[in-house]
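Shared between the two complexes below is subunit A, which has subunit B as its partner in the first and subunit C in the second.
So, the complex of A and B:
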């Protein structure tokens, strides 16, 4: 084996905070050979971002390297002066940041930002830089690069922005690229394109990649070597192809057996939702967020609604919840048209349809404690006395397996998984018949996701509640849905029983979605619960 | 909201101590200065500050420190009333505008814009001209002049909070609009308004003192900080302390409440 390009050994990083010191890394070590791709995998708080920042010399002021060294090409980066680091960053070690939304300066043209990298390192003069920028964007897979170079970040989609960031990172022909969750904000099909492009480019130029990700499947697909971090320590290290995913793999789906006796509970008929676009944008145009969508939910089953961002899946949820009216079409609950109900009847209907939102950090009122949050729907409908409501809240917390001591806590004192359990308890307070779960676990770590999915499945068996499960994650749908609908730009292109849809997808878009799921390259791990 | 200072430092602590002393002076002036603020002692007129008379004496030989301490009650109460008037009316308007939106919003906010376009002291003077002089009229006038700022902050906070996911969750949970407004939107919108209130309190002390200085507030011989400065102005040459020390008291109190406003920022 050749001498490593980067060797991190015994690295320990400590954060100072008012509540005491926190060790983010304890003697972490990795090695990357020239041209090699090494993935660092871990959940939030595992120290993977701290490791990336340490390599780039971009640790925040509160962090201090207390032990260990980072050798890059014979230099110890932990001792390197900030000024020397500046010449190294971008030229030798480059970063592809996590969030394409904020990684670019919004008031500068894309081309100028890529050219700046070339100019800063004296790799090109002003005129030459502009020409080379277009070439770099083209290499990074940006279509019509000359046009895109003149545009501003807000005019580009997330996938294109991430490609522009890759162009920036590779502009200085670095020997090491640190990619910090480069695609976690993107849809699966876009993620696949971006990662493919990054892989092609770095393999062609012999650039080494330090890939930081929370997604084991992405790591298994892309990396030559995988390092698993947990609690600031390296807990596992594997070469490509080793069966590291085996223990996490589930062979049996978690959903309860499909029911044939369920009668139709909710029926959405030819739903259309249009939003007017800003005036002057080629006349009075409308955006069809939902386009002629029809589906049925049978009692006690889980209907998975799959789609990428912008496919209209959240709009459908809002229509079913009665938070926004459809432009045309109707929703029938137990055979009654929701739109035809009086406002009082519609409010009563709310009791039967409840929601669990995607973001547990925003969906709980920060000024209320857990017990009051869970009681709130009961209080809204004036159900029971104060004491009865309190008893019911305790019962609900028990149902979602939260310890009773949490009842007096405020949301900010809870973890993401605990918050989502509180949101589920609140949604169940009125004993609803239908629970709309809008990406309920996508903001959470993989292991917490698994626990919550288990909880949802158990609750369904216990309470005979129907789920409309909205997600972008096919693996999750396969795990717990009975039937699936696939949305593409507002249209329901395909729906059917989950096994049939996965085994024999009828629509081209469904096939594309299935092919883009990370983990599909590694035969040993086709169904990771990511 | 947190009452702990952002970074270490004693400024907020000193501010709290100073405001506590000022509040004590307002509530029980006899404790800090047992004398009679109106006791005339012609033999001791215009004496400079000394251990006997901490702030010196005025043109009638009255102890200035006693008068400043006793003046706190009128100055601070008037400022408190002014802040309360501005806060309650402004918050109500902002809440209405932000929650109702549409024409109500447009109507309320255009009135607020008009109010904001008039300098607040001028507005207070115009209101006093209509209401007539007197401490409480001064307080109400100062309060009305600060309604606009409160309404704006409240409206922007309500607009932010009402888009929150937990508000949507409350709607989905079947809460009526009044419940959403009072239990979910209002408690989460008050933080910045509370910080503004502390700031407005400082400004109100200043405005009340300024209007008293101009002679619209208390009538002699009752002591009030602004009118003390006004009387002292006639003796600036021979007795600097008469204007300067009450003036410093006003300045420090305003400074302390502004510093505290920074500390309570959510």
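So, the complex of A and C:
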């Protein structure tokens, strides 16, 4: 191995907080040779983001490096003066941040933000910077770069924004790029394109990459060397191609008890939902978010609805929940058309259909304690006395396997997985017949995802509740769905039993989704779909 | 955009109409005789003379006629005659407008500059205790009543050290003390709101991106956080203009300056109803104009305001593709 470009050795970082000091990293070490890609894998709380920020010298005020060195090109970055570090950032060490939605300044044009790197490091004059920015955007795979450069972040999709962030990181031709979860907010196919582009560009320019990810499969696909962090320590290190022995997700999918015998519970018939487009938008004046979608949910089964963002899956959920009326088509529950119900019947129906939202951080009222959150549906339907509701809340917490002591806590004191359990308990409070789960685990770590999927499968067996499980993650669907529907741009292009769909995908789009699942590049990766 | 401006102008017209109507109801339609108020309880005036005055100001007409005629005249820019000053209300207001505009303008410029500076310093001071110390200043500026601050400034800078004149309106030197007095609470409010905005912006991901590009901490705040944090502070500035007009009543009295504040004091104490109503209308018009200007500035600061007036989230995704 050549002399390393970056060597982190014995690094320990401590956070000071009100409840005492927390060590985010204990004696962590990695090495990256010039041009090499090294992945640091770990779950949230493993210290991987702390490592990334320490390398960039951008640790928050509360954090302190208590031991160790970060050697970059003969300098110890932990001792580097802030002024010297400023000239290094963007020029020698660059960052591709995690979330393309929030990583760009919302009030500055894309081009100006990319050009700023060139201007800051005196790599170009004002006019030259603008010209080179367009070139950089083009390299990063942004179509119509001259037009995009003049747009603002909110006018671009997530994938394009992430490409702009890559253009920005590579603008200064740095020797090291720190990519902090660069694609975890993106759809699988977009994720694949963005990672391909990053890999092509960094290989061409000989740029080393420190890839931070929670996804072992992404790491296995992309990195020359993988370091697994857990609890602030390096627990494993592997070279490319070695079998990974700490799978983030179980290798054998758990199968829910097979069933196809239930009566039809909900039937969505030729659903169409159109939204008017703003004036001045060329082409069609309406957007067909849902286009002639028909499917059935049988009692007690799980129907997985899979698609990328913008495919219309959340719109379908909103229609089933009665939050949005369809433009045409109808929803039948137990054979009765929902639109024809009286408002009283509809309110009763609403009791039987509940939802678990995607983001457990936003869907729980931060000012209520857990017990009140879980009781709220009961209170709003006026069910039971106060004491009965409290008893029911305790029962529900037990059902989702949360310790009773959490009842008095508030959401911010809970972990993501615990919060989502609270959301599930709340959804089950009214003993619903149908539970709409809208990406319920996609914001969580892999091992927490597994636990929640297990919980949902057990609850279904126990309570005989029907699930509509909406996700962009095909591997998840395999773990718990009986039947699957694949959505592409509002159209249900394929549906069928989960085994058949995975073994023999009939539609080109389904095959493309399957191929884009991370881990499909390396045969030894743990999440390989068959 | 044109449609947006038109909608806002319609709204502005409505606000002015409402200000006229409410002030009419309060001043003229409620029980009480404006003429009796004007001449005072001790004056030796016969019923005939009272009636003559009433007909001179059109107060003998039915209320509905007075209201509609007054409204029609007001839309033409005629606010009636001041009973006390014996001149058109518009003339009286125009004469006082200049000094107050100068004072409020100076106070707004100084207050905004001081507020922005204070907020930035409070974010960028190298040591935490310095930041905390700087952040205690804005509430102080808001909490100290302006008559107290005015008297304090008078005492120190005028009487003791004789740096600036204590009263009157001649040249910029006489403007310094009243402008400082009015600027202090404005600076406090702006610094408070802007500091909160900057602190919020400082936690955003794009600030990490900005630092990672090679911006120093001060530069990242000035170039990236400031514009994002400016919107609430701008809204506050618009609201402050109303506060400055109200504040001119106190400040112009303390410093014995001519202006709208003094005119208001005089009109109210003399029960000059037409003049009071005229001042209410002018105040409302100024407030509406300034806030319209603020609204039109928004899209320049934040492009998301201009391009997405009431667009649905789902549609926004499509235009982003």
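Methods note: the second predicted complex is superposed on the first by the 511 of 530 C-alpha atoms of A that agree within 3 Å, B and C clash if a C-alpha of one lies under 4 Å from a C-alpha of the other, contacts with A are read in each partner's own complex, and residues count from 1 in each chain.
Throughout what follows, a contact is a pair of C-beta atoms (placed from the backbone, for glycine too) under 8 Å apart; a residue touches a chain by one contact, two chains touch by 3 or more.
From a predicted model like this one, the values you see are computed outputs, not experimental measurements.
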Could you look at A:121 and tell me whether it touches subunit B, subunit C, both or neither (first, second, both, neither)?
second
Who does A:363 touch here: subunit B (first), subunit C (second), both, or neither?
first
Taking the superposition on A as described, I'd like to know which of subunit B and subunit C A:419 touches: first, second, both or neither.
neither
Once the shared chain is lined up, is A:289 touching subunit B (first), subunit C (second), both, or neither of them?
second
For A:389, is the partner it touches subunit B (first), subunit C (second), both, or none of the two (neither)?
neither
Taking the superposition on A as described, I'd like to know which of subunit B and subunit C A:354 touches: first, second, both or neither.
first
Once the shared chain is lined up, is A:157 touching subunit B (first), subunit C (second), both, or neither of them?
second
When the two structures are overlaid on chain A, which partner does A:222 contact: first (subunit B), second (subunit C), both, or neither?
neither
What's your read, subunit B or subunit C touching more residues of subunit A?
C
May I ask you to decide whether A:107 touches subunit B, subunit C, both, or neither, giving the answer as first, second, both or neither?
second
For subunit A, what residues appear in both contact lists, the one with subunit B and the one with subunit C?
none
Quick one: in the complex, what on subunit B touches subunit A?
164-166, 168-176, 179, 183-184, 187-188
In the complex formed with subunit C, which residues of subunit A make contact?
53, 56, 58, 82-83, 86-91, 94-95, 97-99, 102-108, 116-117, 120-121, 152, 154-157, 160, 165, 168-169, 172, 178, 275-278, 281, 287, 289, 309-310, 315
In their shared complex, subunit A is touched by residues of subunit C numbered 204-206, 208-217, 223-224, 227-228, 301-304, 307-308, 311-312, 314-321
Provide the residue numbers of subunit A that touch subunit B in the complex, in ascending order.
321, 323, 347, 350-351, 354-355, 357, 359, 362-368, 376-377, 379-381, 423, 426, 429-430
